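Next up, some structures in structure tokens.
Next come two complexes built around chain A: one with chain B, the other with chain C.
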Partner chain A sequence: MTDATTLLVGPFNRVEGDLEIRLEVADGRVRAAYANSPLFRGFEMILQGKGPMDALTITPRICGICSISQSMAAAHALADLAQVSPAPEGAKVAQLLHMVENVSDHLMHFNLFFMPDFARPIYSDRPWFDRAVTRFTALKGSALKRATEARTQLMHIVGLLGGKWPHTLAIQPGGVTYAPTARDKVRIGADLAAFRSYLEEVVFGAPLEAFVDLTQIEQLSGWSSGDLALFLSISDDLSLDTSGIGAGKYLSFGAYPLPSGPLFQRGILCDGVAGLLDQRDIVEEIPSSWMLGADAHPSQGMTMPDEDMREDAYSWCKAPRLGGVPHETGALARQAIDGHPLAVALAREGSVRARVVGRLLELARSQIEMERLLASINVREPFMRQVKLPKEGAGVGMVEAARGALGHWIKVENGLISSYQIIAPTTWNFSPRDRHGVPGPLEAALVGASVRAGEDTPVSVQHIVRSFDPCMVCTVH
Partner chain B sequence: MNILWLQSAGCGGCTMSLLCAESPNLFDLFASAGLEFLWHPSLSEASGAEVCRLLEAVESGAQKLDILCVEGSIVHGPKNTGRYHMLAGTGRSMLDWVQSLAPKAEHVIAVGTCATYGGVTSAGDNPADATGLQYDGRHAGAALPASFRARSGLPVINISGCPIHPDWVAETLLLLSQGELGADDLDIYARPRFYTDTLVHHACPKNEFYEYKASAEELSQIGCMMEHLGCIGTQAVGDCNIRLWNGEGSCTRAGYPCINCTAPEFEEPGHGFTQTPKFAGIPVGLPTDMPKAWFMALASLSKRATPARVAKNATSDRIIVPPSVKSRKHD
Partner chain C sequence: MGKDTTQIETFYDVMRRQGITRRSFMKYCSLTAAALGLSPSFVPKIAHAMETKPRTPVIWVHGLECTCCSESFIRSAHPLAKDVVLSMISLDYDDTLMAAAGHQAEAALEETIEKYKGNYILAVEGNPPLNEDGMYCIIGGKPFVEQLRHAAEHAKAIISWGACASYGCVQAAKPNPTRATPVHKVITDKPIIKVPGCPPIAEVMTGVITYMLTFDRMPELDRQGRPAMFYSQRIHDKCYRRPHFDAGQFVEHWDDENARKGYCLYKMGCKGPTTYNACSTVRWNEGVSFPIQSGHGCIGCSEDGFWDQGSFYNRVTDLTQFGVEANADKVGMVAAGVVGAGVAAHAAVSALKAAQRKTQDKKEEA
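For the complex of A and B:
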């Protein structure tokens, strides 16, 4: 075995926010990876001493790509603090807003962040290269433009119900600030119909139901239409089904709560075995983080940056662990934990391909669910319940952002926020090493990635990193 | 003209909002105006070492730079080192990079209220010691000195907003590309006047409620939100209710108050964002360019003159009483 060389990879673009990865490479393979979130802003400290309702204005601004997810988590945490539930129709509108954002993020990820790497000259000898260039060249590809236009039109739903995107203040613990009319409902229906046409014509090349009905990985090889087929043929050629293999441990907080429970179930999946998730088992460990204090559950946690950036740490990101174990979170985890048979099989594969297909599966399922949700909204009912917050107490808001599990833990004393802790999806996925030296999910998935001779920013590493759809601004917040 | 776009300490939401540009989409709009990204962190192909080489080329002058756009505030902490944001792969702080690259650009644009004035990243005790590019809140002189001028002779152009409206950025770039944006076209905080010469109040659908001070008491009620719910649309610059967001939206149209996000220091209003501070029951912070006594006189008069329709609707979550329509005269 030859000695390892070190590569410092960054700035890492087409991820949301800034990311630096240190790679130890030997014999053309990554031997170890260290993920650094190089930006600290201190939102948890900013929130201290504010009125609890101000969290609804401040937390969405943690992240411009999952802003509504942050709103939802804050609204849920405040509702939990007040021990109330929102007006049922208001909860539906909030959920629709949240779904639009998540769907929009999935679409952006596939078209603007992930696929453009296949149009790189390094692949010019591959049979699919010309199509990848036409469709997915960064800033120019025909698929990118069409996706951007489809997303912009879909976002009209947020304009109508939430005023603007990102950073709406429409979502409240008691419901939403705007009561839609029957006219609004038909307009939104038209926007959703247009989005379905786009998905079926361009992304899947077939009715969404045909994709959602797949149950086995083998059936993917028969998929011959849409940009999905292009991705699958690239994946076969580059063996993306054996690249970026994760540790097989997944969690989901459960997405889109209904009175009957979340639409996509809450739970964990460990080596193919489903289980219950108890948030009390979460601990944020900090030995590899530039943080002071102690490992703690987020309800007891604190954020004190180490201004000296000590030598034996390497990231501003904490390392959340559930029952002491790192977990991967995201669309693949969510769909597998919800029990979709194709997703369950893909979760077992745990590859770059699995993450990308898992996301597209959720895109298709979510469109169907948005249509169902809209149809169920009764515009004659109230959309808001007035909520009075207690002067003392605690609350937790657990939701699923596009990229996975997002939790807010709030504590209020004398009517003001005394503690606010946030664990974002990429905090889980891109966490640094924990107390036992166990790497985070991305760090583990990068081990074994191939590095071609002369590559200073290995393309296989880029595929693996982007397959997680990282949101670095959320990670540290 | 080429554009180098850097994302500093912000949420990335201004880029996300910019991608909502429509008629035409952002890519076609830029192509038609001869605008191209030298590099954009969310959109370009280049990653890692390629980007480092590009930044070095701009710094050395080997690569000409027309427009530098910076999104996100500039963090100075800890202890004035800027190390709370090291630009990945470069071993240098974003503070250092921005100070080095700005003088090379023909134009420098701060995109969003974080980049212009510090914004939400500088809220509370400002843990990361964040400022805007050329302003620290209302005060000129921050990561770049008050005297800084880009090669064009203009100061940093401040497109504030949290987030920016996609058209504010697109139209600023179009005006610059045609040489149509000069010093006189910027307001006192260096914002393009084409969107700051109007108020959020203009074309707000709650204007009739405002006329009578028929107020919403709780969020989701459709009355004016100035008296009780913290709305400062009458003081906030922006054309939000004239050009609208994401199709037909705006904050006040969706039933929540304008929090003046285009202004320096909006992140610290000194009270809850959805509360109106009052003195002896009267809101503090009345419209800036109206004599207070006149405002009070008119308000008390108009309150008493409020039509029943307007009063009833103001505290409802939808229109309960429609306007009375004149019936046809009897023959």
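For the complex of A and C:
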């Protein structure tokens, strides 16, 4: 065994925000990884002392790519604080807005952030290289243009229902400010139909239902159409099914809660065994974070940056743990915990391939759900309920952003926010080591990644990092 | 200023290389003229400029921010304009969208600065935090403020994209934990054009950058340094709900009968009467709608300090010219902004301690 060398990888491009990873490399493999989020803004400190409703405007600005998720979490936290639920039709419109954003994020991740790595010259000897270059070269590939156009049209829905994107204002604790008309429903239906035909022509090359009906990993090898097939053949060639293996522990807060329950169920999945999730078991640990204070549940947590950036810590990110254990979150976790058989099998695999296919599976399922949801909206019903916030109290808002579980914990005293804590998906996935020295999900998944001689930005590390679809601006808000 | 400009190709060369036809090129020139409010007689002038002038290189950097400006920009309504502008930017440097990673990316930045010294436009998204010597935002092992100063030193002009770069935005809200600081308070010796909004409207962004690239000069600026063509009118002036304001017809509660009738949102805290922006004319997401049309009041996100004015749902009580709060200080500050970027005196920034972990390998090639 040779001595380990240290490699500092970063800044990463094509991720949201800034990220730096320190790798210890020995014998051509990563032996240990340390993820650092080098951007800190202090949103939780800013929210203190403000009126609770201001959270609806301030928290979305944590992130320009998942701002509706933040807005949803804030609205849920305020509704919980007031002990009300939104008007049922308003909830549907809010969930539709949220789904459009999440679906857009999945699409952008695949086309703009993940696939362009396969067009790197390092792969020029691979049989699929020419196709990857034509389709996915950063900024130029033919797939990118179509994807951006498809998303732009899909986003008309958010424009129509939410007034503007990013940083939509329409979502409120009592529902939404916009009451769609029958004519709006027709327009939205047309946008959804266009998006379906894009997905079926370009991404899957087949009816969405055909992909959603798959139940086993083995069936993937028979998939021969669309950009999905290109990814699967690349994945086979590079063995992405054995790369970036996670620890097999997943959580989901449950996505798109409607009066009838969430569309994708809440829960945990531990080494293939499903279980219930209790948010009271969450603790944010800070031994490796440049944070002062103590480990705490977010309802008791605080944000006090350690201005000395002490030596034994290495990230602005706290380390959230559920029942003392790190958990991976995201589309794969969501689909597996919802019980989709293909996703359950992929979650057991826990690889780069599993995360990417899990995301595409969710893309297909979400399109079908959006169509159903739109059809069920009754334009004659109210879309907003009056909500009076108490002067004292606490609330929690738990939603699923594209990248996974997002929670807001609010406490109000004398009518003002006394504490506001946020745990974002990438806070879970890219968390640093906890008090027992256990690495976060990404740090664990990087162990064993191959580093070729002379590589200073190892391409395998790039694939693994991007398979999580990190959103660093959310991580340390 | 620029020496070796003969090395730089023209806009038209770039477009041709991107596979844009002559016909599309002429269409682009017409669109540009229209977007900038110029008469059709300007079309041949624009075309001539694009055919003969060397293109203006653009470097796009990101500080403390949420990337919402980029997000807005890439879904601009004129795909042609966006493609052309994006293709020009991609030739140079943008760390969110570009292909290279890590040290290659830093090398690309250095190379671009070196190659186009004095000729490039620096587009800044986000702002530098100054507390703790800038350690709250680290790019490539160095504080962002260093990258910003370095890139600004040889820039011809600077565009401050969005509320973050222009004014600080929500991350600068009390108590401003990281001392997030707008660009013009750090860079005081370059012309700066502010394009505020959270984010700015896509068409406003493409309009501004197209104007600067085409005519090689700054558009006419208002007293706060914003392009007058997009920021000279209040949302209220062109709001389609304005007749209801004048008639005294207001929404009193969310989703009441008046809300369904589309009455004025003034009583729900709409900041349209004090906000200068183009939302009510250009609108959002390809002209589909804008916040007031979705039933929510304007929050004034293109105005300085919109994040610290009390609740976003409080009624505007002071309908004067100078934005949401108008006191003598503010007026004075605004007036000082007119003179341009040269005057800001309050940029007393502590010297930065040497970067802890300096990244050094400058390799080329992907």
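FYI, the second predicted complex is superposed on the first by the 477 of 477 C-alpha atoms of A that agree within 3 Å, B and C clash if a C-alpha of one lies under 4 Å from a C-alpha of the other, contacts with A are read in each partner's own complex, and residues count from 1 in each chain.
Heads up, the rule we're going with is that a residue touches a chain if its C-beta (ideal position, glycine included) is under 8 Å from a C-beta of that chain, and two chains touch if they have at least 3 such contacts.
As the structure is a prediction and not an experimental result, all values here were calculated from the model.
Aligning the two structures on chain A places chain B and chain C in clashing positions.
Using the contact criterion defined above for the overlaid structures, shared-chain residue A:212 touches neither chain B nor chain C, since it reaches no partner.
Applying the stated contact rule after C-alpha superposition, one finds that A:64 touches each of chain B and chain C.
In the overlay built on the shared chain, the residue A:19 is in contact with chain B alone; chain C does not reach it.
When the shared chain is aligned, no partner comes close enough to touch A:438: not chain B, not chain C. In the superposed model, A:447 makes contact with neither chain B nor chain C. Once the complexes are superposed on chain A, the part of chain C occupying the same space as chain B corresponds, among 21-29, 39-47 or 255-263, to 255-263. Residues common to the contacts of chain A with chain B and with chain C across the two structures: 8-14, 16-18, 20, 38-42, 45-46, 49-51, 53-54, 56-58, 61-65, 67, 112, 116, 119-120, 137-140, 145, 148-149, 151-152, 155-156, 158-170, 172, 175-179, 305, 307, 309, 316, 382-384, 386, 456-457, 462, 473. Within the complex formed with chain A, the residues of chain B that make contact are 7, 9-17, 19-22, 25-28, 37, 39-52, 75, 77-79, 83-90, 119-121, 123-128, 130, 162-163, 218-220, 244-257, 259, 261, 267, 272-274, 317-318. Against chain A, in their complex, chain C makes its touches with residues 64-72, 74-75, 79, 83, 86-87, 90, 95-106, 129, 131-132, 135-141, 169-171, 173-178, 180, 198-199, 253-255, 259-260, 279, 283-286, 288-296, 299, 301, 307, 310-313, 357, 359, 361, 363, 366. By the touch criterion given at the top, residues 8-14, 16-20, 36, 38-42, 45-51, 53-54, 56-58, 61-65, 67, 108, 112-113, 116-117, 119-120, 137-140, 144-145, 148-149, 151-153, 155-156, 158-170, 172, 175-179, 181, 305, 307-309, 316, 382-384, 386, 456-457, 462, 473 of chain A touch chain B in their complex. The touching residues of chain A, when paired with chain C in their complex, are 8-14, 16-18, 20, 38-43, 45-46, 49-51, 53-54, 56-58, 61-65, 67, 87, 90, 112, 116, 119-121, 137-140, 145, 148-149, 151-152, 155-156, 158-170, 172, 174-179, 305, 307, 309, 316, 382-384, 386, 456-457, 462, 473.
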